[in-house]
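Across the two complexes that follow, subunit A remains constant while its partner is subunit B and subsequently subunit C.
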Partner chain A sequence: MPTKPKIGIYWCASCGGCEETVVDLAEDILGVVEKVDIVFWPVAMDFKKHDVEALPDKSLAATLLNGAIRSSEQEEMAHMLRRKSQLLVAYGSCAHTGGIPGLSNQFSREHMLRYVYEETPTISNDQKIRPQLKFQEQGREVCLPELRHVVRALDQVVEVDYYIPGCPPTPRITQAALGAILEGKLPPKGSVLAPDIALCNECPRKDTKPTNVAFAEFKRPHQKLLDPALCFLAQGVICMGPSTRCGCEAQCTKGNMPCTGCFGGTGRVRDQGAKMLSSLCSNIEPRDEEGIDQVLAGIPDPVGTFYRYGLAKSLLRRKVDLPIS
Partner chain B sequence: MSNEWTPRIVAFFCNWCTYTASDLAGVSRLKYPSNARIIRVMCSGRIDPQFILEALAKGADGVLIGGCHPNDCHYVEGNYKMLRRFRLLHRMLKDMGIETERVRLEWISAAEGEKLKTVMFDMVDKVRKLGPLSLPGKFKDWDKEMDTLEHAVEAQQGREVAHAH
Partner chain C sequence: MNPAAQQAWNEGAARANAAYQQQRRRYTIDPITRLEGHGKIDIFLNDKGDVDRAYMQVPELRGFEVFSIGRPAEDMPQITSRICGVCPTAHHMAATKALDDLYKVTPTSAGRKIRELVYNAFMLEDHALHVYVLGGPDFIVGPQAPAAERNIVGVIQKVGLEVGKKVISMRRRVREIISYFGGKVVHPVLGLPGGVSKALDSADLPKFQELAKDSLEFALFTNQVFHDIVLKNSDYVKLITSPDFTHKTYYMGMVDEKNRLNFYDGLLRVVDPTGKEYAKFPVQQYRDYVAEHVEPWSYMKFCYLKPLGWQGFDEGPKSSIYAVAPLARLNASDSMATPQAQKAAEEYFKTLGGKPVHHTLANHWARIVEMIQAAERILELVNDPEITSKDIRLVPTQKPSLGIGVVEAPRGTLFHQYETDDRGIITRANMIVATQNNAARIAMSVERAAKGLIKGGQVSEGLLNMVEMAFRAYDPCLGCATHSLPGHLPLAVNLYNPERQLLRQLIQK
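Entry: the complex of A and B
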């Protein structure tokens, strides 16, 4: 019997939603398991780091790695899995473009640690104890990974062969990607394994997209009763669809929520946020500064709106005046 | 030549007004600082915010955008489009820690060679006071923290080996 290709699935700074998608393959996962040997998947299976380390280099056909890289341990695992895998696939928004964790590139590490361990309303920590990287316990030294100052997408740490986008990726594109990997029918290295067209293309509201939109105000989804059939832009609600890659089957817009951009930009977009800002602002109705600012007041957090999943991979990457020590 | 640092400014000028103004400043023999690398575009409305961010990310200390006065755009609407983007881009740059004086929008008509000169002097002066932005250097500095991994792993493996003996 020929041996089945070995596959690894690993997570770094992520919420677990990507792992959930693999589980959401439901019965189809049996088809996957039939064709491959999953040799590493800490969420679901009891293999340890040293099991993978013991394998020869390049012995895994592919590793799907989800989550951003923001600690020394995640960095180490990314390097190790890169060595052991023929294909390293950035799976999900965080590994692809930094994802939600990437938003913390707006704050310093000290700011985050202070907030999380001292100032969060739900914490009681009078002694202001913070995790230490090392301490002695019964004569042994115990270590914790170090939190990095900068949150990174996977390809900012190691070389990545393919990207599967989404927060989380859908079971369908996951299955299509796995199929392509197993059959060796892959596009050029570095490709994103999803269609290279804007979301509007597969949005059921496409026909109601106005050719000439003029924004007199912006409303956020909770401030308005949303029409379930009309293009969000025509309703004055920010929808990232025009600058976002499709392939998600327009799940959000079908569920009456605007696109927030998790699939990242299309291949022609260099900076998803700037591109969206450009397209949106050009179509504001007023022509004078005061009127324009009034309309723009409807976008209280431009960075969080336009770079919700892509700050780490944006042109600026991080708030530029933050410290690194 | 002195080694004193001077700002590097990328200027996007519209073909019909500001670029022509810089030509006029030239033929009128007006002297203005040579810090700006001028890129001619057909209209200020063609300037995608991606261009501005990319200029900064690749080492510009400031970006100057020049377009036609309101109501004078050759394409009727282009300068308004730029103005609207600029208003939000300014807010976003501030949130990202970049001083707003580094990115400037000016309406300079084809007849205003003198204004071009004044704006150039003022922009260079303001950016000089702010100092270098040097994002490429910052990106490198940020990534230095990843160099520590190798040393840490080696040290730990060393300890584990020692422990086993």
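Entry: the complex of A and C
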């Protein structure tokens, strides 16, 4: 009997939502699961790092890795899984583009540690104790891993073969991607395994999308009652749909909230946030500076709006004065 | 001493001697332990080979509070849900309630009911996940069963394939309530200050009414399974009530105006180790009661009752440590809010010797009692004529400055606090996640288990299972602080001899 292809699933700096999606699809794709041998999946199975290390290099057909890279150990794990896998797949927004944890690239590590351990409203720490990488007490020594200065997407650390987008990806695109991997029907290396057209294409509101829009003001979602059938842009509410890849089945707009861009840009777009910013700004109605400022006051957090999931991988990447690693 | 342990001991001693000769050079902990997972325990032995000290560490920090700064407050329900993909709905709802408080807007009645419907559905499916997939297998399959069987597959073998299928399909259907309103089940989007984004179409109501009936039946069935498999086995009951798994601490939980347990809203109530009310306060006053202590050996902060001061990892009347989650919620409330859950709770307290119950492992049973309440509440809500109202949201008009939102997450009380400028842009944020409230008690449980099991340098082979059980009963969502799923926390235990040299490393199998 031919051996089944070996698959690994691993997480780095992530929330566990990607794992939930894999769990959610499990009963749907029993057919696929029967065709593979999962040799590493810490959340659900007890195979250990040393079990994988003991395997020859390239013996895993594919590893799906979710989560961004922040610590030295995550870096090391990414390198090890790269060595062991024929295909390394960045699974979900954090591995794909840095994800929401990537927003911390606007702040220094020292800022974060100082706030969390010395300045929160409930902290009680007069002695300013901080977690230590090496802590000694009566000769006992215990260690903690080091956090790097910035959050990185997976391909900023190791070579990545394919990407499955989303925060989290849907069971459906996961199933399709796994199928493509197993059947060897893969697009060129470096592809994102989801349709390469904008979200608007699959949004139930697409017929109401204005063809020629002029924004006199932007409304934040809590500032008005949202029409459940009308394109958000037509309501003056920022929706990342036009610059975001489809494949999610427009879940957020079906929940009557705008798209926030978790699937990343389409293949033609170098920078999802810049694309959205340029198309919105060219459609602002006022032409004088004061009028423009007034309209833009409706977008108080451009980084969080246009780069919510993609800051680490974008052209901006991080606050200018932060060290890289 | 068995030969393997003897050999490990000899090797450790040899290493210790070598190290001593090299000016007592420290043995560096191999980074493998940290690579193994997101929870780590270091155990140090004294000269007799008994446990001197055990450290339970959380090795990760993502810093959501800091990168929330500069974000519009209305984005917080979606940003903070990414703290945890297992309990995103809890963070989403705590954040949404903090927005109500921030903008001083009371949600419309229908908006509130939809939130409660979604929240109780979440509570039910999340508890079901723990009972059948994560923690429950310890009991349903058995604590002594081979590790390879202590999982959902083992559960299905024990309870039957039909039941297994029922569990999977019920959980999926209940999760559909969340995705109906929230768009997505992982990281939903429904929450806005003053209500929710989406109404319930009356054409879809019959489907949910049917589901609600099935949910209640399922919760009651789960209670029956627990009775048949766990309570009829005196060994299990003995285990639940054993001193190794018992700590006399304070308990915190949310209650309604009649002191009945509530997951979504109410006052916070704290009872002391004898069960007497210690405090009851509106959530806005939480900073007067809850404080966080820092230890240099973990990224996790340890909560305690502020008026009592930090008294160390200790229990009893002088302790300031409190617990949250199902066991604590049942202790901290006078009764359940729904009739069948109340009946189940009465039996629970009768069997376990009355209020308060201090047995950590009783969390499993309390969780099932809560499943019944969640299901009964879902049934009430889908039969409420107002549930299909289109009046689901008020647009806030007040100037924002400070908002505090608290819910009972499946794993305990969850606090979100935001301070903003007058545009509603976050200037400061604070979040205390459920597991943090329990962190001190969990650390105590781990040390207790280690001390109880390791004697004279002998490491019982059951150590990890038992330590894990003490641990897993809390359903610790270190995902909230790290990114592990509850109950499957990859655990590494390092054992050190009196010379502080690594003696043995045990990896959870």
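Quick note on the criterion: the second predicted complex is superposed on the first by the 308 of 325 C-alpha atoms of A that agree within 3 Å, B and C clash if a C-alpha of one lies under 4 Å from a C-alpha of the other, contacts with A are read in each partner's own complex, and residues count from 1 in each chain.
Just so we're on the same page, a contact is a pair of C-beta atoms (placed from the backbone, for glycine too) under 8 Å apart; a residue touches a chain by one contact, two chains touch by 3 or more.
Every value quoted in this text rests on a predicted model; they were computed, and no experiment measured them.
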Point to revise | Clash-or-fit label for the pair subunit B, subunit C on subunit A | key: fit
Exercise for review: May I ask you to decide whether A:Ser14 touches subunit B, subunit C, both, or neither, giving the answer as first, second, both or neither?
Suggested key: second
**Study point:** Which of subunit B and subunit C A:Gln251 touches, first, second, both or neither
**Key:** second
Review point. What is the contact status of A:Ile197 with respect to subunit B (first) and subunit C (second): first, second, both, or neither?
Key: neither
Exercise for review: Report for A:Phe107: first if it touches subunit B alone, second if subunit C alone, otherwise both or neither.
Suggested key: second
Exercise for review: Could you tell me if A:Gln223 is touching subunit B, subunit C, both of them or neither one (first, second, both, neither)?
Suggested key: second
Practice item. Mind working out whether A:Cys143 is in touch with subunit B, subunit C, both or neither, as first, second, both or neither? Key: both
Review point. So, does A:Gly67 touch the first partner subunit B, the second partner subunit C, both, or neither?
Key: second
Practice item. Kindly classify A:Ala54 by the partners it touches after superposition: subunit B alone (first), subunit C alone (second), both, or neither? Key: neither
Review point. Angle subunit B-subunit A-subunit C between C-alpha centres, in steps of 10 degrees?
Key: 140
Check your understanding: Regarding the shared-chain residue A:Thr122, is it in contact with subunit B (first), subunit C (second), both, or neither?
Key -> second
Review point. Which value in Å is the smallest Cα separation between subunit B and subunit C when the structures are fitted on chain A?
Key: 6
Study note, to complete from the structure: Overlap of subunit B and subunit C contacts on subunit A, residues 72, 76, 106, 141, 143, 303
Review point. Subunit A touches which residues of subunit B in the complex?
Key: 45, 48-50, 52-54, 56-57, 70, 80-81, 83-85, 87-89, 91-92, 95-98, 133, 135, 138-139, 141-146, 148-149, 152-153, 156, 159
Exercise for review: Show which residues of subunit A lie in contact with subunit B when the two form their complex.
Suggested key: 72, 75-76, 79, 106, 141, 143, 146, 148-150, 156-157, 269-271, 273-275, 277-278, 281-282, 284, 287, 289, 292-293, 296, 299, 302-303, 306, 314-322, 324
Study note, to complete from the structure: Listed in rising order, the residues of subunit C that touch subunit A in the complex are 26, 28-29, 31-32, 34-37, 42, 44, 52-53, 55, 57, 59-63, 65-67, 69-72, 74-75, 78-79, 82-86, 88, 99, 103, 147-148, 151, 168, 172, 175, 179, 181-190, 192-194, 197-199, 286-287, 290-299, 301, 303, 306, 310, 393, 395-396, 417, 423-425, 428, 430, 432, 479, 483-485, 488, 490, 496, 500, 507-509
Review point. Residues of subunit A touching subunit C in their complex?
Key: 11-21, 24, 27, 42-44, 46, 48-50, 67, 70-73, 76-77, 99-101, 103-104, 106-107, 111-113, 115-117, 120-125, 129-132, 135, 137, 139-145, 147, 167-168, 220-226, 228, 251-257, 260, 300-301, 303-304, 308
